[in-house]
């Protein structure tokens, strides 16, 4: 009997490095051999394929892949019938959702969707744009753009539908946002059959548990401190309520050891207060995974 | 009255650097400011736009651009109605024509176009592929591939139509070429109206003359040598017939100075013979343009 | 009502990266956008400005900045009236104090300050040098040096006052140290008014607490070990006296868990002894902050 | 009286960086000044010399060095009389033993050692090869190869004895492995006299203890979790038997805190099971040394 | 008797590479050993010293150097008494004169020099600024700026005097130019005594001749062409009048060979006309020096 | 009938890039594919192999190669019976002959070869050293050194035989040269049979002719100038005697055009004199080959 295998699609391009980093933090040794599209991973039950984010949903839908990571936007663009198992918000690159917006030159007369009637619109998401136009009862000429979409107006297009995070690239090209079309984050999607196959589902659930454990530990740190029992209540009042700290007794019966998990950027606000409340020997240490 | 301007499309991506280099050799100071899609050029009558090669023909056809450099393949894929003014064969990157071929896994049963009936074909040139299939009376499922097409068979596609120069990338992915679909080189194309506008046509012709002058000088060198008049005939017999050498008299009436333009890689074959025929003081010097 | 803001000067140049690193360890996300002089920091109550170390004291004194990090030397050179809140000894770059020394060519007859009478002295610290000469009753020609001061003697200067850490650059330029002029470390300085403004002072004190917590953790590690209660006294005798270890009971009443914070380079000396004294399961783990 | 000193040889070349990294993890600040062959180390009782791995055994044997790290292969090649104190298996570069193999062109008729009679064999390990041939009663022409040994057959050699890890370089050069000659790992070797000198032996033993502590921590992590006492048995059953976890009581008498040291790549398999068994607040943290 | 030597100052910093390049084109092998301030040059009669441009005039005036290259601005700032032997306009870095301008925040009320009364002005050229203010009868507080001057207004200065080429850095910092203070180019300056010493003067004149020959060849090319004698007048009419072309006879008495030196960027305009006028076999070749 | 082929050895390592550059200047397109030991060359009659300089002579002697470039030192070290066809002195790397010297610590008592009796000598050229010692009637222990030979004395060797160009590496290691052992330059060597094979010999002679043409052009430039016939004698007197300049008549019968080939570093001395002698319109242009 052969080993069962989970066929997993990894998005090539801008998300690739961040995805690799997340898997590594989750405890998987993944690497991307140069010139190969088959990342190696130290789990013989997982087979990775590197594919453009735009195409992953298509191949998950038809079963060429069991599951994959891709943007919600490309699931919609491909109109793919797949099961979404988790939303993954990780790493610098994708921490904030991306926005697909309709943008026009600053001085363009276009102010509302209706003004697009008969215009040329350049975009990478032709299907999303056409459906959105249809929902507004507008007919326009939607052209697939191979790249550098934001430099096309006004000479090569009247409007564009383009992805943006901060809007700075649009402003730099003298474009104005008319309205939002779609907001998207990274998703872990599964083929509908794979999602109900017991072995594959458990394999995917365990993988997602670990990915989430690694994401939860990003920007979190551990804090240990010694507290006189008399001060314990005051010290605990300073700590945020959401995560219950671990309190252990010390040899000296008048003292306790408190350990808490905190947001890295809350620490600098809390430490001065903890010290004022009587904590001493405060030590901060790094974490790599948190599973609550 | 405003300066007339020629709107010129420069292909972004793999051809960009080679194109810039060719323009520089032709005497134009062109540069590509980072993050801008408008290359600067020291001719106020030319306005450059950097666009993906795939899209140039489309924008030249509709008059957004007057002219541009792009591959013959993308003119065909876009089914663009444009005027072709010159074929440009330049630089390492594009010296050889590129071939679009139909390729399948080495062990695939597909041997002829007929065998593609009902199969999945991944390609960047969807229109070329569909027309070619139609010409063979075959119906197949042609899917647009966003990249890394050659790694898709056999799991994500049955066959691909992909560009190749040496075939090595295909072999590395265990693919076999079934047949050629299209051969392509770089072309200088013009909008049909621009091609008959007197000012624009002369501007384009002068530009093409200089580009050709620079291309002609690639891999050519100049050779000067002193020859006793008695040996002149023998020496001239060694030189290739196609380019007439320039012969000037020297102060010493028994000697002449011969200057010839030669292929760089012929020089090493010719010099030993020239020396044996009586040439002396042979000096090789570099050239930057040749307009005959 | 607007948010109060602390205007903080960060030294540009050689200390910049080390300062950024220290802030990051202290829990502040600080970054230096290329071509901007306003580092971003994830605390809306702090506004950073990147300024040459030489100028920070000047701008703190006149209130353009509330506070800043700079060398003691530049406070003295600028004769700045500011309040010094902390001495910061951090990172490779500034762990050791820097010395400003008087140096002359090895073979120079100059042996004492008196011998400088009437000589040419090149230096970046013109004021420090002049005051020092005056205190020795010596008159000399002090010239501001824009850089590469150590290569000027003997042709462009008779002596220099220059900064040195190991003296190797002086030796390489064939110079001999005559005497020390000033020793300097990095300081956290505040404008005199800001130092007594309650909100600003507390903000600065908290910031300094965190910076010190990060510095204290450099080269420190945590050590956990299991110790049979019978061996506890022997094991504790091995540990340095200065930091009290945390001792907690285990489920097994015969064993205790000891946690200690130690100098990283003491660990390799202590571990063999700890093991010989009966400690087992010794585990070393990294720390990022220590606030005692 | 002068400080006693341990003269330690560090292998230059491919193992150098990995060795430096291991020493740093073990708590020694070692650095390799460019253009110097004397690495600096922050222990005045150790004096390092950077030497080619091939030569270390020779200099340890004759007492020029007290000890050193080198491959077992070079000890054998030099036929060196030294004391081996430890086998070190560390870092990416040397985690797996290296194999010296006899290889021939794929299509060569050579199938057994006997077929080498009278052939040309190129290798860096001339002595090992000659002794191995002698043990098979074969006479062949063994030539010292200065490098690139694997490209020599079939034109410059009939066979080679070469080092390999995965065999991929041999396959790429169209070579076939006939048989193994020697397997080798990195060793800590000592001069026979140094090994029995009390001060040197204790110094070496302590150093080896720390190196082993650092190696043990590679790919290990710490896991802390809260467990209801009722679930303790179930949770402990999930953890691997080999390392006893540390269990401490919490303030809440119904809960315990469990800390375990685990293989990094086991964690992703164990965490889902630990959670199912009732563990909560699972936190993973990094370790730098483990001495059991 | 010892070799006489010319002591030459080379500007360190932004002009260094361009200066080195110019010397190399002029036929001098100059190189900048890392960490040395004495560039090597293959002329034993020249001794180079690398010094900041700001200081060269000072050291040329006092005779520490015989001559040097520096900006006119620094000659004025130092109020140096030196002899200017040549203006050098070379290379990308310094082809255009630099402008020192008075700049203020865009929204500042300062519109004329008079408005500066009592303001803080930051600048690297304190003396130039003070003299200029005095000439306008204005008293202001001029502070030496160690760098990043353009980011100081409005918080650290009311106005600045700063160097600019295109004004883009000023605009990026939201500054407005009020007026020009000084325009500057690179100069070859000599000590007054060195300028009248016969050996040194001839040495400097020869050096300047070669530097000018190299500068003249920048952006110039040679053009050779064959012209039927009947067309000679027409062809010569196309060539610019300023440089007389060289006309030589060929063996064929009806043809002549014309060689001309032309601006590189005129060539692309002239070649089409030359061809139309009857020139054939037009060949362009590079030049490295032109001395007319 | 198959194409005859010349098997050519190219030295890997420090000479590789310089050799490639020389071949390119000689008109051969040679390139070094990464990870291959078979450089590609655009002459189907030449087959290149990249081999360590130390081994080339051995393989040329036994006919595995027809010819190769290597140092004279390695011919001697291998005691190889080969035919030397040319000495090649090219490029920065090998323009000066290299010297193998005997060196000892500065303070060593060794002053003459005789003092080496019974000492340890480390070297890469074991055979050369042994023969040289024998010629002096000295017996010593010569050990093969795998590298970093110059750091071995005094602890790992009493003396070394090492290669040096400027002696600076020896001085930096506190070594003193006792005497020279061998001087070496790069040679073109041939197998004895290949040297008398007519096709191979002509192929090698033509190749050497081109290599020499490229070497002759290094550091040479062409100079063209217009000279009034009345000044011709004066101008010719300035030009060095060794290379006869080419003098051609101009259309204007009073003027002549003089072309000369000169050492690049003589030009800067000659041009001022040429100008003073009446030459005008002096133009310098680059050369790539000179075959006299």
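Order of writing sets the labels: A, B, C, D, E and F. Residues in every chain begin at 1.
Criterion: contacts are C-beta pairs under 8 Å (C-beta built on N, C-alpha and C of every residue); 3 or more make two chains touch, one makes a residue touch a chain.
Note that this is a predicted model, so its numbers are computed, not measured.
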item: Minimum number of chain-to-chain contact steps, subunit B to subunit D; value: 2
item: Equivalent of A-C within the choices A-D, C-E or D-F, defined by over half of its residue contact pairs recurring; value: A-D
item: Equivalent interface positions on subunit C and subunit D, same or different at half; value: different
item: Rounded Å distance, subunit A centre to subunit F centre (Cα mean); value: 60
item: CA centroid of subunit A to CA centroid of subunit E, Å; value: 53
item: Whole-Å separation of chain centres (CA-atom averages), subunit A against subunit B; value: 43
item: For subunit F, residues that touch 2 or more chains besides their own; value: 248-249, 285-286
item: Chains grouped in pairs wherever the two touch, ordered by label; value: A-B, A-C, A-D, B-E, B-F, C-D, C-E, D-F, E-F
item: Of subunit B, residues touching subunit A in the complex; value: 12, 35, 37, 49-52, 54-55, 58-59, 64, 143, 145-148, 151, 155-156, 172
item: For the subunit E and subunit F complex, residues of the former touching the latter; value: 26-29, 42, 205-206, 209-210, 213, 217, 222, 243-244, 246-249, 256, 259, 261, 285-292
item: Subunit E partner contacts - residues on subunit F that touch it in the complex; value: 221, 224, 226, 248-252, 257, 264-265, 267-268, 271-272, 275, 280-286
